[in-house]
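Two complexes are shown next, each including chain A; its partner changes from chain B in the first to chain C in the second.
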Partner chain A sequence: MDWELLLGIGRFVLATTLLLLLTVPTAFVIIQMELKVIAGMNLRIGPNRIGPSGLFQSTIHGFKVLAKEDTVPDQADRSTFTLAPWMVYMAAAMSMLVMPFAPGAIAADFNIGIVYFFAVLGLSVVGLLVAGWASYNKYSLLGGLRSAAQMVSYEIPLTLSIVGAVVLAGTLSFSELIAWQREHGWLLIWQPIGLGIFYVASLAEINRTPFDMVEADSELVAGPFTEYSGMRFGFFFFAEYVALFIMSGILASLFFGGYLAPWPFPAQLDGFVGTLWGILWFFLKTYIFVFVAVWLRATLPRVRVDQLMGVAWKLLLPLALVNLFVTAIAVVAFDL
Partner chain B sequence: MPFPGSGIAKGMATTFRNFFAPKVTRQYPEVRPEIPDRWRGRLDLIYDPFGEHKCEVCFQCAQVCPVEAIDMSGFDSEGNRIRFGMPEIYDERKDANAYRRAGLPARPMRNPARWDEEIDTPFVDGVVDGYGGRPEALIAIFRAIGDRYGYLPERALRRVSDRMSIHWAQVFGAAGLGGFRLLPTEGHLVTVCDCASCRFAGGDRLLNALEEELGIRAGETTADGRFSLEARPDVGAGAISPAMRIDTLVYGPLTVDKALHIVGQRRATASAASRA
Partner chain C sequence: MTTIDRDTRIPDPIELDRAEEERLRAAAGLGPVRTERGEYAGFDQVGIPDRPPQTEREREVYSLDEGEMLVNMGPQHPSTHGVMRLVVKVRGEIIVDIDPVLGYLHRGIEKLCENATYTTVLTYVDPMDYLSTMHNEHAPAIAFEKLYGIEPPRRAEYIRALVVELNRIFSHGLMMGFLALDMGGLTPILYAFINRDEIVDMLSAISGQRMLFNFFRVGGVNFDTNDEFLSRLGTWRSRVMKNIEMNEHMITDNEIFRARTIGMGTLTGQEAISLGVTGPNLRASGVPFDVRRAHPYSIYRELEFDVITQESGDSYARYLQRIAEIKQSIHLIDQIIDRMPHGPVQAQVPGIIRPKPGRAYAAVESPRGLYSVYSISDGGPNPYRFRMRDPSFISLQAVPKVMPGKLVADTMAVMASFDPVMGGVDK
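Right, the complex of A and B next:
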């Protein structure tokens, strides 16, 4: 028996289990943050009844969803209807596999982690389309098509905005990218345009305000989720917040040094302490970006669908291409 | 052109400031607003579902207002806007008000000339004193004054209020709701109700009969000026359809014969009064 292989499998199972478990409190924390932060920005107090200063409001919401009736429309395609929330959720959860929490705390440190990340994240489009189609409801179907159009459009500038950074660092692995940033400074300095494109596109990719027309909860039925109720809807809802966490984490890792402290000292902490130190910085940076996303939601109105597509194809895509070419030329010319 | 994104930055700054600003939420069941003891809310007139004021100018609110701050006006049967209440300003009224509330006879107004021209003050005083100044005799007093003038002059009502030391709102309210005429009019105004309920119940036959009887069309006045005829939908007596109003008194439910009888009676009284 190959113990090495068994150990690898055990480690993988443990890591995926931990990641899946992590998604639940993450979603609770972000939903709670959203409730409280938006309330504060609206000059309200926000939920304050459940737990100390309303701390368990979102948790109660989560458990409430469990207690709700889970209806399936009469004509719905039952198997795919059931599968769709799972697909969306798993797309979000699986992309966490390559998320660099700390040195040594990556579930799977692929050498093509970045490619894997964007490939898996794109799977959620399939889930949304399936949800819209399986619901046997024209609003759901249209909502699913809309979300597919939006996410497919934004996937292109989102991915292209990273290529500049990849060319610069010469790696597709997250841990190596962060190692590169340790030596050369955060990619924020090297790729400001890439960062801007990535941020806008990532908001659209995870359907956050101001690009949340998939759901548009104040004016539309809930897009592809129209027919969903109970915990199946809860899964979509959770997936949205988990995706926000992931996007913030990836943003922090790609452009803001990930688990690196903002100053070089202590340059190299090893072992367990180093992991904890890295996790601290990773979560700090990630939640700063989560806060910014919530802050944006409290501030900006929703853009129109035509504006959304216009921005993607007429502004972000050319910019991303220019950014890529300039970076490539600079890399060749200055031998970076 | 402003720098692209400056608007977003401005909005973000606003929301960020708000995040740390004091919150405006009031924790209602636990924290209640401090309301002064004498606060009675804001005065407002409410409307019925058809957009008409529900106020009937009954003066009950004016009667209970402790500082006599409520004044009112309305429309008479001809749609003229008239004042039932006191045209003086509150400052003029508050002394009399204070005296009345103290149970003392009200002093004359500061500027009695404004009130006591044109009416026969000794006559009004005599009528009031003749009934011993008892409030329950108000209707009888109004009748006597109405017989003298043909309507109730505002100034006479004011004089009654002062003389009897009762609240003017009570006097005006009783006069307005008692069916007394508050404006001088030539002759009688006969209004046939034109609302849906009355028309179904035969209001149009009533109108035709009256037009024939008086020799005029709706909206016209007889040559001698004694009767005007009109058809309006606002008599407001759907429960007694078909209804008719003469001046301020509403009759119903009517048959053609009954209506002709009532109008005939009025014609007789009117000619008797003109002879006397």
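Right, the complex of A and C next:
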């Protein structure tokens, strides 16, 4: 028996289980944040009944969703209708596999982690489109089509904005990219334009305000989720917040040094302490970006669907290409 | 007479309705709309009336070309500003036609008023346009005073003008909030409600109620100003400009907001006049018509104000018009407080008013436009005919006019910029 292989499988199973379990509290925390932070910005009090200062409001919401009746529209395509929330949720959860939480705390440290990440995250659009089609509802259909158009177009600038960083660091692995940042400084300094494009495109990719076209409540009721109820709706809801967490985490890892502390430390922390230290910084940075996204939601109105596409194709894509071109020339010219 | 014994199956009322529906459809020469299981037969049939078209317009809206579909927005929809239904004909996301379906909030207020005495009519008109309650009461009060031939005391006129302008401010403020909300901005509406709450608290201090104030009386107003009202007014006045500017900073210069409102839903002055649109919507199209200036009532002849207009007539102009009018109303309030005379607030009026036979018309400038009342008396204690012209009903007609060719996403945003209130539209 190959013990190495067994150990590897065991480690993988443990890691994926932990990641799946992590999605639940993550969603709860971000929903709670959204409730409370937006309430503060709206000069409201926000939830304050369940738990100390309403701390368990989102948890209760989560369990409430479990207890709700799950209805399927009569004319809906039952099998795909059932499958769609699962697809969206799994796309979000699977992309967490390459998330670098800390040195040594990556579920699977592929050498093509970045490619894997964008490939898997893009799968969620299939789920949304399927949800929109299977619901047999016009709002859902329009929402599903919007999501397909939006996410497919924003995937291109999103991915291109990273290529500059990849060319600079010469690696597609998240841990090596972070190791490169330890030596050369955060990519924020090297790729400011890439960062800008990535941020805008990532908001669009995960359907956050101001690009929350997919579930524009004042136009399409709830987009592809209109007909969903109970835990199926809960899965969409969870997936959305998990995706926000993931995008913030990836943003922190790619441009803000990930689990690196913002200043160099005299002694290199190793082992378990180093992992904890890395996790601390990773979550701190990630939640800062989550907060910014929530803040944007409280502040900005939604852009219109055609304006959104205009931004992607006419502004972000050329900008990303120019950024890549300049970076490539610089790498060759200065032998970085 | 049928007797019901234990074995008789009592038919389900829903089943009875279905049988009736099928019978009517068969009589009209239409196929069954439901499947054998009882559900609606088709996706594309929902929204189409279950009868042959009765007008040319209906035929035009409900006949679909290749690639078009009908999307039904409302009456249960998160942002239809009340219970309104829009049947939107779309090709992809582009609007081909819109058919507003009204009447979901119809309460027969005109008829109720005809059965009420002149003094009690003023309570029925309150919930019509529930965001401009004071204006709703103002117009019938003036009309009945004309019918009865009395003048309210000077102080009553000043208090009327004061509360009416306060009402205008919170109504316009809410419009700004709802416009942003329909574009996905969450915060401005709450700021607008904070502002509204201050004014509503103030008005409840003077009238005793928070929403449907029921403050006007034939020949005056219900109460004189009191200390609480005046102190709240003073506090509010000291910080209102700051509050408005705070809201303005969030919306006016916002790139996304501007991109979604400039050039959107453009109504030219000529179109607006031919549709009969009045109020801020008309002035935003560049037509300087304000009832307070064109047909002065109450004390507006004595107050200084300009008729503000915008040029472009789009959603953004309508928004700017509202802000300008809020500031103008604050200016008017300053003048009113400055000049308010002493004296009684209610003329001598009998409990049941019986005007001489005749007719009277009174128009006021409500936050949504020209709100007017036409009342006929036959000498009895209640109006023989009582007719109200509600401005939101007219402005709503502009929505199908400006929307074709635009996107579904803008339907609600443009509708919000016209600021209709369904309670007023459906009466």
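Heads up, the rule we're going with is that the second predicted complex is superposed on the first by the 332 of 336 C-alpha atoms of A that agree within 3 Å, B and C clash if a C-alpha of one lies under 4 Å from a C-alpha of the other, contacts with A are read in each partner's own complex, and residues count from 1 in each chain.
Quick note on the criterion: a residue touches a chain if its C-beta (ideal position, glycine included) is under 8 Å from a C-beta of that chain, and two chains touch if they have at least 3 such contacts.
What you see is a predicted model, and the numbers here were worked out from it, not measured in a lab.
Could you classify chain B and chain C on chain A, in the superposed arrangement, as clash or fit?
When both complexes are placed onto chain A, chain B and chain C end up clashing with one another.
May I ask you to decide whether A:302 touches chain B, chain C, both, or neither, giving the answer as first, second, both or neither?
A:302 sits against chain C, while chain B stays out of touch.
For A:209, select first, second, both or neither according to whether it touches chain B, chain C, the two together, or no partner.
Second partner only.
After lining up the shared chain so the two structures overlap, which partner does A:37 touch, if you call chain B first and chain C second: first, second, both or neither?
first
Using the superposition on chain A described above, determine whether A:277 touches chain B (first), chain C (second), both, or neither.
neither
Check whether chain B or chain C contacts more residues of chain A in the superposed model.
Comparing touch counts on chain A for chain B and chain C gives C.
Return first, second, both or neither, reflecting whether A:74 touches chain B, chain C, both chains, or no partner chain.
The second partner, chain C, only.
Between chain B (first) and chain C (second), which, if any, makes contact with A:136: first, second, both or neither?
Once the two structures are laid over each other on A, A:136 reaches chain C alone.
Given the touch rule stated above, what does A:45 touch, chain B (first), chain C (second), both, or neither?
First partner only, chain B.
In the superposed model, only one of 308-316, 344-352, 362-370 or 398-406 in chain C has C-alpha atoms clashing with chain B. Which one?
Comparing the options 308-316, 344-352, 362-370 or 398-406, the clashing one for chain C against chain B is 344-352.
For chain A, which residues belong to both interfaces, chain B and chain C?
Dual-contact residues (chain A): 41-44, 298-300.
Which of the residues in chain A come into contact with chain C in the complex?
38, 41-44, 74-75, 136, 138-139, 142, 146, 209-210, 212-213, 216-221, 297-307
Considering only the defined contacts, which chain A positions touch chain B in the complex?
Counting only chain A, the residues touching chain B are 37, 40-45, 295-296, 298-300.
Quick check on the complex: what are the chain B residues that touch chain A?
Residues 8, 11-12, 14-16, 18-25, 27.
Which residues of chain C touch chain A once you look at their complex with the stated criterion?
37, 39, 43, 69, 71-72, 77-79, 93, 180-187, 190-191, 194, 250, 254, 256-257, 259-260, 407-413
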